[in-house]
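Chains: A, B, C, D, E, F, G and H, in written order; residue numbering restarts at 1 for each.
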Amino acid sequence: MDKKIQLWEGNHLVAEAAIRAGCRFFAGYPITPSSEVAEYMAWKLPQVGGTFIQMEDEIASMGAIIGASLAGVKSMTATSGPGFSLKQENLGFACIAEIPVVILNVMRGGPSTGLPTHPSQMDVMQARWGTHGDHWIIAIAPAYMDEIFRGTVRAFNLAEKYRVPVIILLDEILGHMHEGYEIPDDFEIIDRAKPDVPPEEYFPYDDSKGDVPPLAPFFTGYRYNVTGLNHDKSGFPTTNPELIQRDMERQRRKLYANLDDILWYDEYKLDDAEIGLVAFGSMGRSAQVAVDLAREQGIKAGLFRPITLWPFPEEKVQQLAEQVDTILVPEMNLGQLILEVERCVHGKANVEGVNKVGGLPIEPPEILEAIKARI
Amino acid sequence: MAETATAEKVAKKKEKPAPRIEVIDEFCKGCNICVDICPTNVLEMKPDPTRWVGAVVVVTRPEACTRCMLCEIHCPDFAIKVY
Amino acid sequence: MDRYELRFGGVGGQGVILAGTILAEAAVIYDGLYAVQSPTYTAQVRGGATKVDVIIGKTPIIYPRATAIDFFLALAQRSYDVFHHQLKEGGLLLVDSTLVSRVDEDRYRVYRVPITDLAEREIGRVVVVNTISLGLTVAMTKVVSRKAIEQAVMARAPRGTEEMNMKALQLGFAKAEEMGFAPEETKAEEAV
Amino acid sequence: MAFNYEYYLRMDKMPHMWCPGCGIGIVVKAMLRAIDKMGWSKDDVAVVSGIGCTSRTPGYVDFNTLHTTHGRALTFATGLKLARPDKHVIVISGDGDAAAIGGNHFLHACRRNIDLTLIVVNNYIYGMTGGQASPTTPFGARASTAPYGAVDSPLDISRVAIAAGASYVARGTVAQGFMLEKFIYNGFKHKGFAVIEAMSTCPIQYGRRNKLSDPVQLLKWVKEHGVPAKKAEKMSPEELEGKFITGELHNQERVEYTEEYELVRQRAQEAAGAR
Amino acid sequence: MDKKIQLWEGNHLVAEAAIRAGCRFFAGYPITPSSEVAEYMAWKLPQVGGTFIQMEDEIASMGAIIGASLAGVKSMTATSGPGFSLKQENLGFACIAEIPVVILNVMRGGPSTGLPTHPSQMDVMQARWGTHGDHWIIAIAPAYMDEIFRGTVRAFNLAEKYRVPVIILLDEILGHMHEGYEIPDDFEIIDRAKPDVPPEEYFPYDDSKGDVPPLAPFFTGYRYNVTGLNHDKSGFPTTNPELIQRDMERQRRKLYANLDDILWYDEYKLDDAEIGLVAFGSMGRSAQVAVDLAREQGIKAGLFRPITLWPFPEEKVQQLAEQVDTILVPEMNLGQLILEVERCVHGKANVEGVNKVGGLPIEPPEILEAIKARI
Amino acid sequence: MAFNYEYYLRMDKMPHMWCPGCGIGIVVKAMLRAIDKMGWSKDDVAVVSGIGCTSRTPGYVDFNTLHTTHGRALTFATGLKLARPDKHVIVISGDGDAAAIGGNHFLHACRRNIDLTLIVVNNYIYGMTGGQASPTTPFGARASTAPYGAVDSPLDISRVAIAAGASYVARGTVAQGFMLEKFIYNGFKHKGFAVIEAMSTCPIQYGRRNKLSDPVQLLKWVKEHGVPAKKAEKMSPEELEGKFITGELHNQERVEYTEEYELVRQRAQEAAGAR
Amino acid sequence: MDRYELRFGGVGGQGVILAGTILAEAAVIYDGLYAVQSPTYTAQVRGGATKVDVIIGKTPIIYPRATAIDFFLALAQRSYDVFHHQLKEGGLLLVDSTLVSRVDEDRYRVYRVPITDLAEREIGRVVVVNTISLGLTVAMTKVVSRKAIEQAVMARAPRGTEEMNMKALQLGFAKAEEMGFAPEETKAEEAV
Amino acid sequence: MAETATAEKVAKKKEKPAPRIEVIDEFCKGCNICVDICPTNVLEMKPDPTRWVGAVVVVTRPEACTRCMLCEIHCPDFAIKVY
């Protein structure tokens, strides 16, 4: 009987994990079903010397965490759909200025106010494309408590390592469920690289030593400029097309040349699978049960469960398409991730959705039915 | 003239039927506001486990009602009406 | 029992959600089992129907939502009406007979206990309704050990109420036994 | 004599969702009585809200009703009003809706002095989402996001409204329903942007966290903390600390937006004709 | 010599077309390179008895046009990337509440403030996925003056016909260029269906008579409720999963079952093409010249130019993939529409991008080079 | 004696982009002199802006500089300040940036009374985007989106600041550079949220449309329309119509956010220790 | 000439953009040609370099951006410096010799006319610089007919300035002829 | 003592060199503000077609300068310095 195990609410666990990862600043605006994160942070952050602030809206929260991060403090915010929409403009700022921040979106039914207290997985595409302009982000969708914990720590690590906003996508089921979990201590913490040159030689977007230039915190003697305009390596606005093209390509490359490091996924009984499932988050859990149910009936089903949703594990899904004839994509929406799966399979497999909206999850027997209908 | 006017007023008051207070049970959430606000203690709270907060309002002293309307105005649940 | 699903239903303020938490903690912290607890979140009326689901298993809970409920405790008629549908046919239905009258006798195995009355009469405090209910639930389902629920209740009991809560819990156990549920075999240790 | 609320309510949606003892219902009733006094046809009235407990009002009242996004009610209402300046557009908002996320629209509706009526149900808390601090939460009060007491000072909604240009501003409390009705009525009659701040009660989310969970007790708290404007004039800032001033705080004749825009149309049409 | 021909700025032509289509309400917030639309509207709308209002921000503008449309007045707003991001939350409201509105986005470089005075085509995916939750919109990307005019009229018509927000995507080139154009009068104007039942029988989301229920303007005796929550047919909030699923599917179907009516595209020398181009907007014009340049060199190139971008003309692109081995997708971004092309071709053709960012357009010779590199 | 502006400027970015006769430069100079007077190290100062002509300031001044999104400067600045309460965070915004799209953040920074200094360069127009009306455009004045004259009344930024809770508020003009410097300096010294509204000039976008395209003439216009607070007290509202009051309008000691939050940390740590 | 590209460069306030509009209008409205005009939009310094591109053709302009400029009028040194790169090798470069001194003689066919001086000396008003320039441009390139540019200029001339502008235009024509550009053959009609 | 002090002051004044006014040509945009604001007409605007608005400021009467600093404070372009 280990007293360290506790009943954790998913939302609280994200908050606790963030603090363990070094987060010391949280700015938020309440919204169901994510408010518990803010509430936990309001309670816990000042205890560890950090700062919680409730801002006047989600736009402000997003601005505040970018500001705090720029001063060297690991920062996060949490929201749900409507708030996530409002954060998009400043999210784009974090992208172009390459400021590490973590944004949690606990997905509820949408669009608009939708179904505030019910789960959905409807913000998958928005997480990738919600802000205007070319931009690249990382999005993580954990499914189990351990993934929620480690995924949150990882979100901070990736944000710091790649100077990129990282989005954590939960859904209302995962955010609000409570499960026994013992917080581990075997995790790594990565802090952003600091410049190793004197201020005169420092350029915040210098690509000469690699795709992720070190980021000097404000107020540490490195007086540079940060802007949401396209900029040169020194951070000053430029309209030079070559410089901009190069900078934008670097921003993409810093993620896409490091997929091995960034991608995270789980495979369940895929080895001999004849029918494939691709599902994430709580529906990944449902799909796993469905795989077992199918196998009980002699159907060789297997599950590919992406945890990193963006960048999407394209190659793995391609491999799956080589192996199976049919890929089913159960999601609590009317078809979002399936579009990316379709794109990746290049016609090598038949891709079909198992979709449900309206607030109820897709239960394992429903997925089983869908599997059976395809064999 | 003054006398007549007074007499008329009295007459009018008399014409008015006695106050009738209606509580819409399905709307009442037993918050106690009306009971507290009534200056003449017309209303009382009666425990009723089947109701919202386990209680519902009842009119116990309708004859004392002055038709001040305070209860009606302040019932947040559209549950009380004074005629 | 590889996966056992329980639901506690009441009205806002009755504390059923805390009861669900305590049960899940008993499972997770004191019995070393796996458990998921999910409360309802509604932006709807407070004072309205509320519920909490607890799923307990010896192996990790993969699918985290209730699918077919084995045991349903209803502490309010409204709550029964809204939430009973997911109770399995033949599932255990425990109701506070003071507050719940109309139930589907044919579909469920129904047990009626005047829990609120008991709380008032025997303990003298309505607040222990949930503790009595936990006693009943555990004794009826044996989903966690009595020792575990005792520890979980004690860990959550406000200072000064330990004794009262323990008494309430035992009352729950006793009532269940009165209704014919067997006393616990000492198998809490091996439950892990 | 009993007021015929039923005429204005969507009875099939009743009873409403508000908690026992919640002040919102009292404000809605005052609003309905004031509408009735105006003699407006139900077809000519729109009731617009954002998101929150207060903002659930449109669902219960039998007008053209519009339940928009959090904080944005005034923007939708502005569109409605400009499309039909002859109609009556009422906005009802919570304190968070109107003054947190909606603060900017509030500021600019005041500035434009557009002929809308805004009723803010100020319960100094986010009711709907579970008791987080709002911009009007008293300094030091508890909220789910202010477990150690609110750090920031409350916004004086009425005061800001006046500074930003609203031409009718009044503050009442749910403990004084008749007064509220009068203010709302006067707001309706007023040509220009009218703000009625109704100091209300949320026994569940505010009260419970601040030892005021009993609706009756909370109602008394509200009543006691209101100081009529006349009386306030004679009080020192220290005495007024933590209180709020009630009454008709501001009432001014000022250029109204839709009327002024009608003049623009005339000027534009003349200019076009002249060309 | 016809005096009716005039030199039109692209942005002004959108504004004029909107007015001809019946638009009588415009709410906006200035932003380069779209501000001329607001300026034109400020000048012209009051002349025709309409209303222009400059709101305090883009969020407000989006709210205002929904409000005005609900009162029965055709309404639009215009913006560019940063403002488009801000409009997303209320755009979702227009989707779920099914209020006809038109939103013009004159695309500039992004993300964030990016390159305010330079063209891009970077908001293609955002137009589809910018708001949270499942939702469906129509997006139109005209390339020529006549398409700008007719496309704008069409945008209003489609919005009215399908009760859906319609997005017009221009880019800075098209928005700011001036070209000779004579406004036609051979266009149809569609107004939203009004109820033909008495108020008691009216339900604003009733699907019994078709997927697009009539919309009664406010203040006309039909007193109903409009909400951003999921709702039943009467417009009142519901959490009934079946009703919601049905309603969401109807919303999708009202567009996807009418693709014949909605899709609009142009084909240029595709008949005998051996290499395909897919390009839109100003890059569609560049690609057309590139086709000619290629043909001059004996290369049988052809162009498929979608004008309706969303819903995407999936089948046409599939057909193209059957016909050619390679499809090139020139876009002023680092690869957005290409993703949808890849998805649609199901591996039947090799799909490659021709991409440029940094403010300069892709010139026809550059596209030609790309063509030549693939044959 | 000549001030060493060069020390504070990024000379490689000069000359700056502002038009001939634009008042922004005058404000920036006043800011630099005030910073110098404070004796702050350049490393300890951050200058934050939104988007607009004014908001191009960060590019020219040699501090930690942050050019954010339109209207949002105060939110980023709030994050910076909370992360490093010991540092000096200055926000410089245009009237559109601060009071149109940024109005809500303005309101709440005032309310929180967080120790930032906001300098609003109010030229009553959107300079950067080409002369559209701003919330401070005088009633009836022309702008590219107000071809028939502005319909709505201008927002009194300083007045709203006071109403919302800013604890230091002063208004100066670019015609009086020394005064501006003094106000900014006093704002820096002040603990709490300080707002300095600098009435400025945009000869190109405002002036040209309003027969004031000559910078000198426009500067005079600004000077003439400012009324010192003392003098204003003796004037009637009619006399004050269209004018703006200058001077230190508000100066108050009031709970400051970062200090108060430090107390929260202490309370939280005690509470945690006690558990 | 199926597609002829012109660029006028100056500094903010000189009115080159209006000149571009007038030229395009001459082509579109009065000569029945196709034309695209695109001004630069920069949020940068007013008083800084500005330009307008005009593309004129007998067939519709498909690609709307300048690619290889045939004719460049530079009314300011700064503007020449920033915008000359897209002028074709061997392209026509017309500069106001009062204001522009350093140009790439080897690359372009350079024509120098003291346009500002002329405006002052011969017309007495600097504002007609653009009209003279239009005269020069049309006479040098023959991209539109003289009649068309006359009509276009007249249509845009503020009341009372018609005569002055017409004089300025003719002055431009004359200066071009002085530099050896042939007078217009009467082919305006057939240009359509 | 009073005398001495005055003498000192005079001496100090004398020590101070005559005002020197520097115009940074590349920064000056010829807006005319300094010319207009100078109470003693020290400055003048000289046409110069190569400059921003076709003119640049020149110091024509440095001897008249009182070092009031108004020009320096109000030059929006950091283009004038008074030593």
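Quick note on the criterion: a contact is a pair of C-beta atoms (placed from the backbone, for glycine too) under 8 Å apart; a residue touches a chain by one contact, two chains touch by 3 or more.
This structure is a prediction, so every number in the text was calculated from the model and none was measured.
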{"item": "Touch-network distance, chain F to chain H, counted in steps", "value": "1"}
{"item": "Separation of chain H from chain A in steps, with touching chains one step apart", "value": "2"}
{"item": "Maximum inter-chain contact count - chain pair", "value": "A-E"}
{"item": "Length of the line joining the C-alpha centres of chain B and chain G, rounded to whole Å", "value": "87"}
{"item": "Chain D and chain F, separation of their C-alpha mean positions in angstrom", "value": "31"}
{"item": "Length of the line joining the C-alpha centres of chain G and chain H, rounded to whole Å", "value": "42"}
{"item": "Rounded Å distance, chain B centre to chain F centre (Cα mean)", "value": "57"}
{"item": "Set of chain D residues in contact with two or more other chains", "value": "18-20, 51, 67, 69, 100-101, 103-104, 107-108, 128-129, 135, 147-148, 261, 264, 267-268, 271"}
{"item": "Where chain G touches two or more other chains, by residue", "value": "43, 47"}
{"item": "Multi-chain contact sites of chain A, meaning residues that touch two or more partners", "value": "32, 43, 46, 56-57, 59, 82, 89, 93, 112-113, 116-117, 227-229"}
{"item": "Contacting residues of chain A [partner chain E, same complex]", "value": "59, 81-82, 84-86, 88-89, 92-93, 95-97, 109-118, 120, 122-123, 125-126, 128-135, 227-230, 239-245, 248-249, 252, 333-334, 336, 339, 342-343, 345-348, 356-360"}
{"item": "Complex contacts: residues of chain E adjacent to chain G", "value": "1, 3, 5-7, 32-33, 116-117, 172-174, 176-180, 282, 285-286, 288-289, 361, 363-365"}
{"item": "Chain B to chain D touching residues, read off their complex", "value": "22, 26-27, 29-33, 36, 52-53, 67, 70, 72-79, 81-83"}
{"item": "Sites on chain E touched by chain F in the complex", "value": "28-32, 35, 38-39, 42-43, 46, 52, 54, 56-58, 82, 112-113"}
{"item": "Sites on chain C touched by chain A in the complex", "value": "21, 24-25, 27-30, 32-43, 61-65, 67"}
